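We just call them A, B, C and D in the order they show up, numbering each chain from 1.
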Amino acid sequence: MIDWVLFVVLALVTLGGALKVVSAEDLVHVVLWLAVTLLGTAGFYAMLDAGFLAAIQVLLYTGGVITLMLFAVLLVRREGGHIPAGGVAEPARAGVVALATAALSGFAIVRGGLLEGEAYRLEPKALGQVLLGPLALPFEALSVLLLAAMVGAIVLARRKDA
Amino acid sequence: MNGFPWLALTVLAPLVAGVALLAVPAQSRGTVRVVSVFSTLVSLVASVKVALAYDLAAGGVQLRESLPLLPSVGIGWELGVDGWGVTLLLLTAITIFAGACATWTLEDRDKDFYILLLVLVAGVFGVFVSLDLFLFFLFYEIAVLPMYLLIAIWGSSKEVKRLGPFAFLWDRLDVGGREYAAMKLTLMLLIGSAAILVGMFAMVQGSGSSSFNMLEIAERGVPESVQLWVFPALWLGFGTLAGVFPFHTWSPDGHASAPTAVSMLHAGVLMKLGAFGVMRVGMVLCPEATVTWAPLVGAVAVINVVYGALGAASQSDLKYIVAYSSVSHMGVVMLGAATLTPEGWNGAVYQMFAHGLMTGLLFALVGLIYGRAHDREIFGMGGFAKVMPGVAVFFTLAGLSSLGMPGFAGFIAEFQVFMGALAAGHWVWALAGIVGAWITAVYVLRATRAIFWGEGPPARFHELSDAKGVEWVALVVLGTCLLVFGLWPRLLLDYIDVGTLQHLAAFGGAS
Amino acid sequence: MSYAILAIVVPAASFLVLALVWPLRHTGRPAAWLSTAAALVSLACAVLALGEAPAMGAPPELLTWPWLVRGGEVIADVGFRLDGVSAPMLVVVTFVAACVQVYSLGYMAEEPPAALGRYYTWHSLFIVAMGGLVIAPNLLQLVAGWELVGLCSYLLIGFYWRKPSAGKAAVKAVWVTRFADIGLMLGLVLLYVQTGGFSWEAQAATSAVAAFLFLGVMGKSAQVPLHVWLPDAMEGPTPVSALLHAATMVAAGVFLVVRCWPLFEHADTLLLAMSWIGAITALVAAVTATVQTDIKKILAYSTCSQLGYMVAGLGSGEMLGGYFHLTTHAFFKALLFLGAGSVIHAVHSNELGDMGGLGRKTRTTMVLFGIGTFALAGLPGLSGFFSKDLLLEQVAHAGQYGPLAILLFVAGLTPFYMMRAWCLAFLGEPSPKAAHAHESPAVMLAPMAALAVLAVGLGYAGGPFGAMVGEPYTFHLTPVGIIATVVGLSGLGLGYAKYGLGKLQGLEVPALAAVVRAAPVDTFWAQAWSRGLLPFAKAIGWFDRYVVDALVNLTGWVAIVAAERARTIQTGRARDYLYAVALGAVVVAAAGTIGGISS
Amino acid sequence: MMGPGLSAYLLVAAAMFGVGLYGVLSRRNLVAIVVSVELMANAANLNLVAFSRFGGHPWGQALALFGLALTVAEVVVGLALVVLAARSHTSLDVDAMSSLKG
């Protein structure tokens, strides 16, 4: 029962945050509401026995990415990004498509006959074994990707005259 | 595979040289030329060696080289030559050697030019020695595609008159520009390639062959129901490159726009790829369908011969004259092929060889004349023989071969085609061929007189001079070959005949 | 046999040397000497070869190499065949060629060295080509030589290539003769198809082969209506006209018929047609010759007329007369042309009006030209008399009285116009140009004298000649011969009376000549070119450029237009692309979901 | 009563995805679009984790981790591009960026 309560609360926080993300006027608010959503999702992760992921979500996303975004917003403002976040084009059409997508997913989930099976307990150790076992190579490749993204971002954003 | 891989050497020498040229700085023009000409010389020597190594008494496919590339789908480096292959290998080697020499004076981005030229030639060589259909097609494309760049970059444009019911199209399409010519050529040939590709896979599939090897396909045989539609696809696909009416219109524009060596190679060798494809792949692998379709092939060839000759007679632009004459002469090749007789096939392959040399020589001369006169309108010229006697002599030689003068290779070829046509019982084909030769005499002599004879040259042609230095090599090599193979046809005919015997066997010994 | 081979190989060597060693060629006179020496050696060899040649009927001497193969079998040879037909012709060719080459040493002396070298190079080639034609072991080689002499003709007519009229004449000669060669080629190919080879002795050949071959003969031997190129060919140097366009090359057509006599022998309809065509040619050309004022044109039409004679003679069904006339004609017509050349050399003009009274200045030429005239006229005792007599007798014997009547009339016309030319050139008052005329040097007169000897004496060689050719011949005068002689003598008399003595003012050139002067045949061919073939070619060219090619362009244009329509889909706004992605995903997912659930 | 099952999590994720999609489609500001994309990626990750949990296999979590990292990389490059776009266009209005127009 307590699970359900927690779940509903988290769902409200997450989805509410998400709605604010797509509706807020100010870019800074948008980014901060994203942080709320992400934190809510981290809560879900914790509920799903993925404590490690939840921690990553909080540290990396909420700590790193959100900061990065805020920087970007400020930078862009300085550079002359004049269009307010609240500028919304064709909300009705977007709404219909988005709703259709979500509804279709929901329909598939509800009518899809998914196994509402027993929840398994997953130790963080298991995740570690997977990451350093069969997925070691992709895991390392990921680090290279991150490095590449970093370098790429620097190259892209660097001023030519700087 | 035993013995030295002469075929691979022939094919790869230009390719290797082309790659090596990438490392040569563009400023060292001498090195670029020497490397290029040397690599073509290597190919020439290797192909002569191939001819010598080929055992005429044994016949069949010889000098096999075999190396699986993709065994799972049956694709391999399968090389080997038959009598036809030897002939066309020699033709290609001679023509490209002359072509590389004729380009000696090119100054604009010459390194790039030579690289593309060498790659193209490697493709041509490859087609003539490939036994694997896939490899055949691969080389075919390698031979066709560099043409686009060669024409678009180094070509020349022409003023085009807006005439005819579709004149409104001219502006949008940039008709007459070299980019237009290059584009048209490439697109038409690629559409042909698509047809070839489909036909090729259908043959492999239909015959149930485990590989793309032509010999295996021929052995297993393609079902007649498949042949019946594959043959037209191959005929039109390859035929586009051979200038089969009405898919020949890339040829006048392409040849007129192309730089000298490219015209030489294109008319001299590349068009033969088409005819070779029709005969070697289309006819030999689809014998039953060939018998069915031969009347149409022959009828279209008749149109080609007469129509091309008349087209040439109507032109006053030197390059267009030679280009249309190619359409006409390639018609003779297709005519010989359609007869399905030993004489006709011998004549067809001999015509490929003779026309290759002859048109190569003509385009080399046209290039020389154009490079000095900066004009191609023959009726504004006159008296050029006074200042360029050597060019006049060789032009006359090439012209005589073109109109079928005995003693020149052209006569041997055309005459056998006529023999084949009549032997096959087609009076009209023979008559059309002979009339075509007469019309050729009409326009060739008319052009010769207009350019070289008479008072003159007019004062505006003040830069005229005879051929110089290496340019002579091209002229002498091609001219000599025309005469040698015209006076002593058995040098080549023995090879062709062996090939013809071998391939006609697919027709149940029809003779 | 080896002499016959040498007769070809020596000039061939000379040609190769002159063609390849251009410094030698450009020296002029040494090149001329080389070529002339080769021609003289060739002549000597040909004479020796005649001595050892087997007569027709005996097995010929053969030396051949395989030339063309088919399916592993040899289908054509090249080489030498010495027999009763080829040996005499070889002598004729080399003899006239040698005379002409010696003569040219004088006649062409003022040409620039390079041009002179070129001239003699072609002459050497001509002996090779014509010799190859004559000595051919099969019809294919004969045709090859045939085309090559045509090439020599083209090159030599166009010797003065800077002169536009010479260029036109050279090209026209090839156009016309090769037009006729369409028939020749068909005949040759048909011969192959019917007999599997190119031998003229094959039994399987039908008369269609001969008929097609004869079309080629009509072009080469200038039969009406394909004779139009021959008068124009006079643009070449006069010795060339003597050798190619009078004595040998134009006679190649007649020679072909003689050579392939087994093919023609039994083609009765064709033979009759040949008689008529020959007779008409003889008449038309002779009439035309009477109104010419250019001495070379007179001789050209005369040649044409005499070729008609030969063809008509062959049409009788017996070949000896035609062949014999070919031989005698070769010598006296070459003599006439060289004589004309000598005159032209003296006055630097071809026009009879610029001549007159030359007899006093150029007595030797006058006599030699006179011998030629009388030989051509058929004056009894000279060679032309014997051959013409035999020829007419054969036509009469064949019962072809129509052609016979025409030929007899021409027998009178010929002496008339020749006498006219001789009188106008050598008698009467000298024109201003002729005042400074001078006799030609000995190097020109000597070959003329040699030809004159044969023009007089060859008639008496009829017996051995007949034996050689395989048709026995003894001279005997027949009624036809007597009529021809009387007619000929009266033609001579009339001509001398009118032009030599200035009598017979009433006898103007017949009204028929006015028609001939309009040269309707020539006009016809000119129109066929300028109104027929050329516009047709232009139409084809237009059609190709602006219809066929335009259809190709149309496809390109359609592609462009279609693309222009299609490009509007690309708005360039990211949102629209996203909508497309999202909707696509929805549709696919919906299909998958509904399908997955319902199944 | 059992706790929330797989469907519940998936529904939340689906809703979050829909909201994100709405943002991507409707927003005109480039930064806001990037942020909305984050929502969608987040939803996907949530799915992975839920599947992992109810499927009993750690690979789902591993994949979610990879997803996270990838999203971070995407954000980094995306934001760099945004900065670049702001610099060169002086505006972040996606509707104004139409150089792809045919």
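Methods note: contacts are C-beta pairs under 8 Å (C-beta built on N, C-alpha and C of every residue); 3 or more make two chains touch, one makes a residue touch a chain.
All values reported here derive from a predicted model rather than from experimental measurement.
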Exercise for the section: Give the chain pair, either A-D or B-C, that is connected by more C-beta contacts. Expected result: A-D
Fill in the blank from the handout: Averaging C-alpha coordinates per chain, one finds the centres of subunit A and subunit B separated by a number of Å equal to 64
Practice task
For subunit B and subunit C, let me know how many angstrom lie between their CA-based centres, rounded off.
Solution key: 35
Problem - Euclidean distance of C-alpha centroids - subunit A vs subunit D, Å - result: 6
Problem - Geometric centre distance via CA averages, subunit D-subunit C, whole Å - result: 93
Exercise for the section: Name the residues of subunit D that each touch 2 or more other chains. Expected result: 21, 25, 95
Problem - Touching two or more other chains - residue numbers and ranges from subunit B - result: none
Fill in the blank from the handout: Among subunit C residues, those touching two or more other chains are 575, 579, 582
Practice task
Just spell out which pairs of chains touch, all of them.
Solution key: A-C, A-D, B-C, C-D
Fill in the blank from the handout: subunit C contacts subunit B in the complex at 66-72, 143-145, 147-148, 151, 154, 158, 161-164, 167-168, 170-171, 174-175, 178-179, 181-182, 185-186, 189-190, 192-193, 533-534, 536-542, 544-554, 556-557, 560
Exercise for the section: Name, in rising order, each residue of subunit D that touches subunit C in their complex. Expected result: 21, 24-25, 94-95, 97-102
Problem - For the subunit A and subunit D complex, residues of the former touching the latter - result: 1, 3-4, 7, 11, 14-15, 18-19, 21-22, 27, 30-31, 34, 37-38, 41, 44-45, 47-50, 52-53, 56-57, 60-61, 64-65, 68-69, 72-73, 75-76, 79-85, 87-91, 93-95, 97-99, 101-103, 105-106, 109-110, 114-117, 119-120, 122, 126-127, 129-131, 135, 138-139, 142, 145-146, 148-150, 152-154, 156-157, 159
Handout entry: Residues of subunit B defined as touching subunit C within the complex
Key = 163-167, 169-170, 172-173, 175, 184, 187-188, 246, 249-250, 252-253, 307, 310-311, 313-315, 342-343, 346, 383, 385-386, 400, 403, 405-407, 411-412, 415-416, 418-419, 421-423, 430-431, 434-435, 437-439, 441-442, 445-446, 449, 452-455, 489-490, 493-494, 497, 500-501, 511
Fill in the blank from the handout: The answer for subunit A against subunit C in the complex is residues 89-90, 93, 97-98, 100-101, 104-105, 107-108, 111-112
